[in-house]
Amino acid sequence: AKDSFKVCWSIYVGWMPWDYGAQKGIVKKWADKYGIDIEVVQINDYVESINQYTAGQYDGCTMTNMDALTIPAAGGVDSTALVVGDFSNGNDGVVLKGKKSLKDIKGQTVNLVELSVSHYLLARGLESVGMAEKDVKVVNTSDADMVAAYTTDDVTAVVTWNPLLSEIVGMPNSTKVFDSSQIPGEIIDLMVVNTDTLKANPKFGKALVGAWYEIMATMSADSDAGKAAREFMGKASGTDLAGYEAQLASTKMFYTPADAVAFTTSDQLKTTMKYVAEFSFDHGLLGEGAADAGFIGIETPAGVYGDKGNIKLRFDPTYLKMAADGKL
Amino acid sequence: MKKLINQHPTRPFRWLLGIIPFFILVILYIGASNARLAENPNDKLLPAFSSIAEAMNRLAFEPSKRSGEYVFWQDTISSLERLAVGVGVSALIALVLGVLNGTIPFVRANLSPLITAISLVPPMAILPILFIVFGLGEASKIVLIAIGITPFLIRDMQQRVLEIPGEQIIKAQTLGANTWQIIVRVVLPQVMPRLIASVRLSLGAAWLFLIAAEAIASTDGLGYRIFLVRRYLSMDVILPYVLWITLLAFAVDYALRQLSQWLYPWFHDQTPERA
Amino acid sequence: MKKLINQHPTRPFRWLLGIIPFFILVILYIGASNARLAENPNDKLLPAFSSIAEAMNRLAFEPSKRSGEYVFWQDTISSLERLAVGVGVSALIALVLGVLNGTIPFVRANLSPLITAISLVPPMAILPILFIVFGLGEASKIVLIAIGITPFLIRDMQQRVLEIPGEQIIKAQTLGANTWQIIVRVVLPQVMPRLIASVRLSLGAAWLFLIAAEAIASTDGLGYRIFLVRRYLSMDVILPYVLWITLLAFAVDYALRQLSQWLYPWFHDQTPERA
Amino acid sequence: MSYINIKNVWKEYGDQVVLERINSTVEEGEFITIVGASGCGKTTFLKMLLGTEAPSRGLITVANEPLRYEPDAQRGIVFQRYSVFPHMTVLQNVVLAREFEKSRFLSRLFGRARKQAIEEALTMIEAVGLSAAANKYPHELSGGMQQRLAIAQALIKKPRILLLDEPFGALDPGIRADMHQLVLELWRRYKLTIFMITHDLKEGFYLGTRLWVFDKDRIDPHHPGAFGARITYDVPVGSVDQKASEKIRESLQQHNAAQDEPELSGVSS
Amino acid sequence: MSYINIKNVWKEYGDQVVLERINSTVEEGEFITIVGASGCGKTTFLKMLLGTEAPSRGLITVANEPLRYEPDAQRGIVFQRYSVFPHMTVLQNVVLAREFEKSRFLSRLFGRARKQAIEEALTMIEAVGLSAAANKYPHELSGGMQQRLAIAQALIKKPRILLLDEPFGALDPGIRADMHQLVLELWRRYKLTIFMITHDLKEGFYLGTRLWVFDKDRIDPHHPGAFGARITYDVPVGSVDQKASEKIRESLQQHNAAQDEPELSGVSS
């Protein structure tokens, strides 16, 4: 067993608490409690952070459920969703310029980050109005340039996430025609850790989960301290208190471990992961070796989806339960 | 024993010497790749050559399920097209402005500071403004390449013009040439091989901007594919693509050098060759 | 009337001429900004000068609530530090390898193809590998700058060494110099001012890579700030930052030029000056 | 008034006085040779006549007009170091003057005009002995050949004033004598006014109509730059062309004689 | 065996035969002057002696060993075009040879050694008349001054074999005579073997101990490159040094006389 660990995170509303916890010493406090070291590293580029984790440079990393399946799990890195922090409840959306309904998207060019949760959201949205991806033309557009891209006349439809989404919706003549609140619980933000590392070092899991829920308690409080924490996170993500709270409003945070446990153990999670796996398979994200969507096994408390012999992604509420039971 | 400085390797030996470092790189890669794959057979970071070959085979020789195109070739053509137009436009602008700047002091006084300033602006940082001016289509990619390399090319051309010995300009005047004639007969032809040399120097940057442009908004191109598959760390695609870009870049460079040697023998016979 | 080619603007007039294009740019900006703001007062793309001033005031003269630092200055210092180290390391490597490549045919045969190949690899495309090899700390930023500009610098140095007239090398040998002595007394000193010139040429690229590196892994720096606020399209921060980067780049360039002129008068008095 | 008037001309570079109190007049058609110690300012003086350097003080007039401080077709030049166009063949280098003249815009001739210009140029190339190299680029020529090309280039233009800066320094005696003939012939035919710097005193004495010696007549040993050179001697020489050309022939014969002298021993293998 | 043996040496560039069937022997201490038409291959021959060009055929031996095809301290050179180091002052340029010699690693001298080297260099600089410019950079010197510097640089090394490619072409007669003296003195004192290309036949005749004429004795008018130049004449000249130096003095006087001739008229303003 080792005693120093590195986790990375990138700037996103649901992951800003990690920065707060690291800066305010909460993570260190919990690590000390278990006699280990945890380094929390900010990586600005989201995909790069996952790649680094997948390459084994980090023991844990923040990512969505879909990316956890398609990047580390598909890359053979057995990963466990240690903290199920929140799900997007309107944080991701489809915006049309000059049109009011999702049906109008037919035949349009849609700018989005291909193969990301936006792409998944679009697929689910199109499904809900009886269309498929072939009814639109997808143009890969980098998230950093999405807002600027939307200001040009060429771009009439985008799928993106916050804070880009609210910037775009705020522009004249723009309508959000579909968002993640219409597929609640399907886009989940996680702290994913390496399963082997976790198994060998339960302290690592305990310290991270312990720290997380202390931060949750602080930031969710309706006190000055809570407000200060949220303002801190807002500033760190390049906006202010109001901007950050607006983003929180469309995010379903699991402020208490009990909420998280309830969500993780529900049957819906397994169904969600089935959708995600199917989408990923359709887009070739599970690797060339994948014969079907179930090629990579996904373990949830409600059961395993896919190949039980090849489980690479696990939703394991053990540590969440410990937190809920106050055993940390 | 001759001094080191006077020892020239014979031709086959020179080849061998040149290849050795590449050979070492390949060996290193295989070692590292094997080590990682032994630990995690699904490791994507340093795929085995067989996986790379498989991925390439799929992209280059099997039509894509989605579009029916041969993805690899489609990407190559799109990228080369953008590169050619972008570099071509830049070279043309650089030739005109660089020669004018170099020969006419008034133009130089007028434009040189602006060009210097523009050459210092990091193009990536002003992308949003580029978008509203040039849109998000093919134009914006070409413009990004142009904005990225033109200031350098102009400054280089200007410098090259200034390096033409003053005696030649004086001589031309004593032969009755006016400013325009000096430009077309003395300056332009002498600067052409140098333009090719500068373009060769700036091709690296051009590729960089091309890839960046394709990463921003695109549906095909070598840069697009790299950024797309980066999302799931498909190094089995990225590595051959990077290799291919390097090869293409080399081929373009080589072609330009040959072209220059063929067109301007007087230039190359008097200037030592860049190896 | 003298021919255009012989007309040199007087000093004050040259200044004026140089400033005019900038003036026009500012006018154009104000016009476009006003037009956009008239249509949508919340438009963020081309903010009014007043909003820019406000944003800068906040970043430069009010301590950040988060860290108590003056964000703007902190960013500047971090970026300049990285730039200095990155460019310094690159220049050093380029000097050593460029001079060896240029003077010793065997080294050139051995390394030149590899360096050419590396110079053609787009660094952005192999970022994941770079980060894994060099980590995500300060080292990775410096390495990205170095990988980005060193191959160019080496090739340029090599070329410059090859441009030293063969007569000088022969002369040195007849004066009894061995290879090492030729390098330290004949080649190195003549190549130093050219190194500074090459570094000046590659500074644009160095800034580019610095910004790219900071956008990927960093918690401060000019590039980081631009990246951070870009998602809100905060052009009121981006524009002054870009301007500031341009100014810094210009200052660095100017300082290097002065340094070179001071250290190597013999070089500048015989070579026409890059304006 | 004389054709060229030089009135109290000084040239200073910063502290260093290169030339001081240059006064002279030159008539049209004179052939002035200039000698002087190395570094004394001969080239600088030529540059002032050419118009690429302005005097620090004083005035030069040509045909009663102040000298134009800009090179033009009136004044031809052959530099000390070769200044031919490296991107053109010998023929193209020589034809260029005609192209500049007759095609103000394209600077290219076509058809008859082109043929005529090429013929003329070939004659001149023949005259400087480069016929065999007409289609070579300068880098393929030896130094002396390049210099001959520069001479051909300047002479084809038949400028009113021809400035020669040690034009024959790099030539061997035989060729040099041919060049002397060529220059003298063109000088006589077109009434050129020639200024020629030379290091060969003999050449200086017998080629021109007038010899100038540039020298410092005052020297401050502690400040070598404090005083400049002046025209210390102004000698009419070889005023009868016959005499000059006779001498030339003499020098030619001397050269040929050298190869025929009885004491020579061939060293055929 | 003689000091230098040249056996059936040819030099070809592709199709073009530049030199053919060069055969000769040279004893140590000889002073050979070389004349020949421009472009006939004199410089090429010198380069072969220097070791920077290899003969296409044939063999050159020095002191019974095949010539080393690499320049070294045994063979000094002064090029047709100046080849001084632009980044060093006159003094530094001349001191350099000593620094190379005495400091194999740093190539820098300190303390006494440095002082001594500088003194020696200054003497040489004095000898070529550049004392006033000792701290100037080459670009601040005129062409002639640069050439004198190159000569000083080569002479300070006292090479066994000294190769001079038109070293005095750019010098004016006064300086040239001084240079003649200097070269002769060093030649005599150190028993140098000198090869000197010149275009000045007089110089060629009277400066050395032996004059070579390079010439093509066969010419194919359709293929000017088909035949190369050879040593067509090999003349012992000025074998008595006195006679040579006398002539030099004569030429010197001739120069001085020129300025004193009764027909001269000063032109002081």
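In order of appearance the chains are A, B, C, D and E, and numbering begins at 1 in each one.
In this text, a contact is a pair of C-beta atoms (placed from the backbone, for glycine too) under 8 Å apart; a residue touches a chain by one contact, two chains touch by 3 or more.
A quick note: this is a predicted structure, and the numbers were derived from the prediction, not measured.
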Shortest contact path, chain C to chain D, counted in steps: 1
Same or different contact residues where chain C meets its copy chain B, judged by the half mark: same
Chain centre separation in whole Å, for chain E relative to chain A (CA means): 81
Distance from the mean Cα position of chain B to that of chain A, given in whole angstrom: 38
Intercentroid distance (Cα basis), chain E paired with chain D, Å: 26
Length of the line joining the C-alpha centres of chain B and chain C, rounded to whole Å: 18
Per-residue overlap in chain B, given as positions that touch at least 2 other chains: 3, 6, 45, 128, 132, 173, 178, 215, 230, 233
Overlap residues in chain A, where contacts from two or more other chains coincide: 51, 55, 145, 147-148, 151
Residues within chain D bordering two or more other chains: 70, 81
Chains touching one another, given as label pairs in label order: A-B, A-C, B-C, B-D, B-E, C-D, C-E, D-E
Chain C-touching residues of chain D, taken from the complex the two chains share: 68-70
List of chain B residues in touch with chain C within their complex: 3-9, 13-14, 17-22, 25, 45, 101, 103-106, 108-114, 116-117, 119-126, 128-129, 132, 151-152, 155-156, 158-159, 162-163, 169, 173, 178-179, 182, 201, 203-205, 207-208, 211-212, 215, 223, 226, 230, 233, 235, 238, 241-242, 245-246, 249-250, 253, 271-275
Chain D to chain E touching residues, read off their complex: 8, 21, 23-24, 35-39, 43, 80-81, 132, 141-145, 148, 166, 169-176, 199-201, 205, 213, 217, 224, 230-236, 254-255, 258-259, 261, 263-269
Residue numbers on chain B that touch chain D, as the complex places them: 165-168, 170-178, 180-181, 184-186, 189-190, 264-267, 269-270
Chain A to chain C touching residues, read off their complex: 8, 11, 41-45, 48, 51-52, 55, 57, 143-145, 147-148, 151, 163-164, 167, 170-172, 231-232, 235-239, 243
